[in-house]
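Please go over the structures that come below.
What follows is a pair of complexes built around chain A, which joins chain B in one and chain C in the other.
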Partner chain A sequence: MKDRVFDVFARKERGEPLSHIGYVDAVDAELAKVYAWRTYDEQNWFEMCIVPRTEILPVNRDDGPFASGGGGPGQAE
Partner chain B sequence: MSLPQDTPVRALRRRVLALADTKRLLGIRYSDWLLGAPSIEDGIACSGMAQDEWGHARLLYALFKEWDEDPVAVEQDREPGRYANAPALDDPLDDWPDVVAVMYAVDGALSVALEAMGEGRFEVATSRIPKMLGEERYHRDLASAWLRRLSGGAEEGASRLRRAVERVLPTTLAWLAPEDGAHEALVAAGFDAPSVDLEARWVERIGEGLDRLELGMPPRPGEWDPERGRGPGEPDSEAVERARGDRNRMLFVE
Partner chain C sequence: MDRFTDEELKTRVHDGYVVESVEEMSEGYRKALVVQLTVQADTELISAPAYWRAARHAPSTNTQVSAHAIIQDELAHANIAYRLLEDLGVSKESLVYERAPNEFKHPYGFDQPLDDWAELVVANGFFDRAGITLLGDVHRNTSYGPLKRALVKVDMEETFHLRHGEVWMRRLANAGGEARQMLQRAVDWMFPMTLEWFGLPDELKRHSGQLDFKLKGLTNDELRQVWMDSTVPLCESLGLEVPAHWSDESESYELDYPFPCHYDADRKHWDFDAGEISWDQVFQRWKGRGPMNEWYVESIRASRSRVSAWLDAPPAIPADA
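Right, the complex of A and B next:
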């Protein structure tokens, strides 16, 4: 099984917008959730979500950081 | 001292020590895998789990004050033969399937034991246990994810994991659910769950993994040390030196 890139989004307080805080490499979503929580634990997050990078669809340009559809890690940084 | 008058202190002490020593040793074994885990993310997870276990161990050793015993002496002055940890942690974990087996079975047994104590009459402990169990949730998630991955992957990984889990089951069962007078005294006084209940909860918790690995619950090992509430053996001396913090204390100036 090959690792996929999962982007990590979180908010500190209820009502705050979700922010992109980083990414993890994982073979599946189950492991990605644990990795994300463990890797980005510097805040007491109200909410954290992950999204497979391949599921993020670029809208206005095809050379943006998410446009490659899950390519190299860190492209969204 | 705030314990009820009918507290079986000797049995309660044995149980708390078994939990605290297991958490301390588990933290050491996890910490050995900060580097060398299958991915950086797994190493970070091991680091977090090691810190969780050491934090919990510190809280559990502090409970010794409840019967007027110095926690520092308990943490720093015991020989390996007096450690009451789950025997599966006596030796370093050789490969990642060993780590997954311990994360799944031993870490899981710790949670079951804490849950049971948290439902009992040891009030100082019951106030601390929910936070510990909350932090342990991610240990369980990581263990389950890795168990599924290894058991459903290449035969080499699956058979190594099967052997590793098979190895830790008997001694961990005996450690989690003692069948002796001390444990019965704890149960009778309302401080812990009956042995049969602890075993059932553990089997329910790890049952999916046992099914995947086509393993049943093996019989308990024959030998038993009633003083420590575990089978024979002891942790390796290097781990105990780390657990006690021997090298750090050499730096202190009186």
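Right, the complex of A and C next:
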């Protein structure tokens, strides 16, 4: 099975915006949740969620990792 | 065709332009960034087995927990840096699992065995201080947006490693006797080891592009001074001897030994008496890697092929099917 990229979003407290804080590679969403929670443990997050990178649709840019559909490791070229 | 030439991009980043994706890079920028991130990722990765092997010497369950929390952080930092490389088109899989151990780019200091608790806490105090010095400078200055954001977490956690190292150095120093001697022995080989880590002096520095592309802000010699700015007063306050002192005349720290010089890895001994050697000799030693190089790399990936083989094996078909 191939790893996919999952982008990680989180916010520290109620009322704060959700921010992109990083990314993990995982074979499925359940493992990606575990990796995200363990990798980005520098804060006691109020909320954390993950999104498969291929599900992020760029609206106004035609470059960058989201536009290139970089859903898997090493596909950004 | 790249959007910018190397020269155009150098000017732009110094005017405050933040690079956000690989499409905006010139070839020279991308290459310099890949080298920088590979060194960063490999250093974080190899620090994990080095600290893991030494964590056996933790004197209590509490200290076991903090030693292993540091190892967990280092692995997460490595993973983050390799993930950044993926977005530049470099495969994490091949970097971690397909290179020969001597092709890793971590500093020579992390190819040494850490053999007792004092060596582990001095590694936290000295090596992690070097990490903060280098990465803190990158964090403040880098023109690559994704790296700047990723370093927020890394800087925060490295500060904790450093505190762990310094608190324990103080405890061992205050205990006196055997504990203090063990601490001084660790300092004796690890202080020059960390200074060497910062690399070629500015007067010999070949052109790397990292400063031109604003991937960092300070030169090697400046970074060495920043490290000593914290480390020398710390050691002096603990009554530990280090081969460097502040000079009012040059308004900088000066070394009390020939730099660079010969290192005997088996005895963990710097041969100050044999005098200065050339940086080519240092690069030769680095290239040959240190005593733990293979052990550290293999300990990270030993189980990989075996478990993968189980997972990728075709499902067993029952005999009566």
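As a working rule, the second predicted complex is superposed on the first by the 69 of 77 C-alpha atoms of A that agree within 3 Å, B and C clash if a C-alpha of one lies under 4 Å from a C-alpha of the other, contacts with A are read in each partner's own complex, and residues count from 1 in each chain.
Operating definition for what follows: a residue touches a chain if its C-beta (ideal position, glycine included) is under 8 Å from a C-beta of that chain, and two chains touch if they have at least 3 such contacts.
Bear in mind that the values here come from a model prediction, so they are computed numbers and not experimental data.
A simple residue count on chain A separates chain B from chain C, and the partner touching more is C. Of the two partner chains placed by the overlay, chain B and chain C both lie in contact with A:25. Judged by the touch definition given at the top, the superposed model places A:33 against chain B, while chain C stays out of reach.
Of the two partner chains, chain C is the only one that A:42 touches; chain B does not reach it.
When the two complexes are superposed on chain A, the residues of chain A that touch both chain B and chain C are 1, 24-25, 38-39, 41.
Residues of chain B that touch chain A in their complex: 39-42, 44-45, 48, 138, 141-142, 144-146, 148-149, 153. Those residues of chain C lying in contact with chain A across their complex are 20-24, 72, 76, 79-80, 83, 86-93, 149-150, 153, 156-157, 311. Interface of chain A with chain C (complex): residues 1, 5, 20-25, 38-42, 63-65, 70, 73-74, 76-77.
In the complex of the two chains, the chain A residues touching chain B come out as 1, 3, 24-28, 30-31, 33-35, 37-39, 41.
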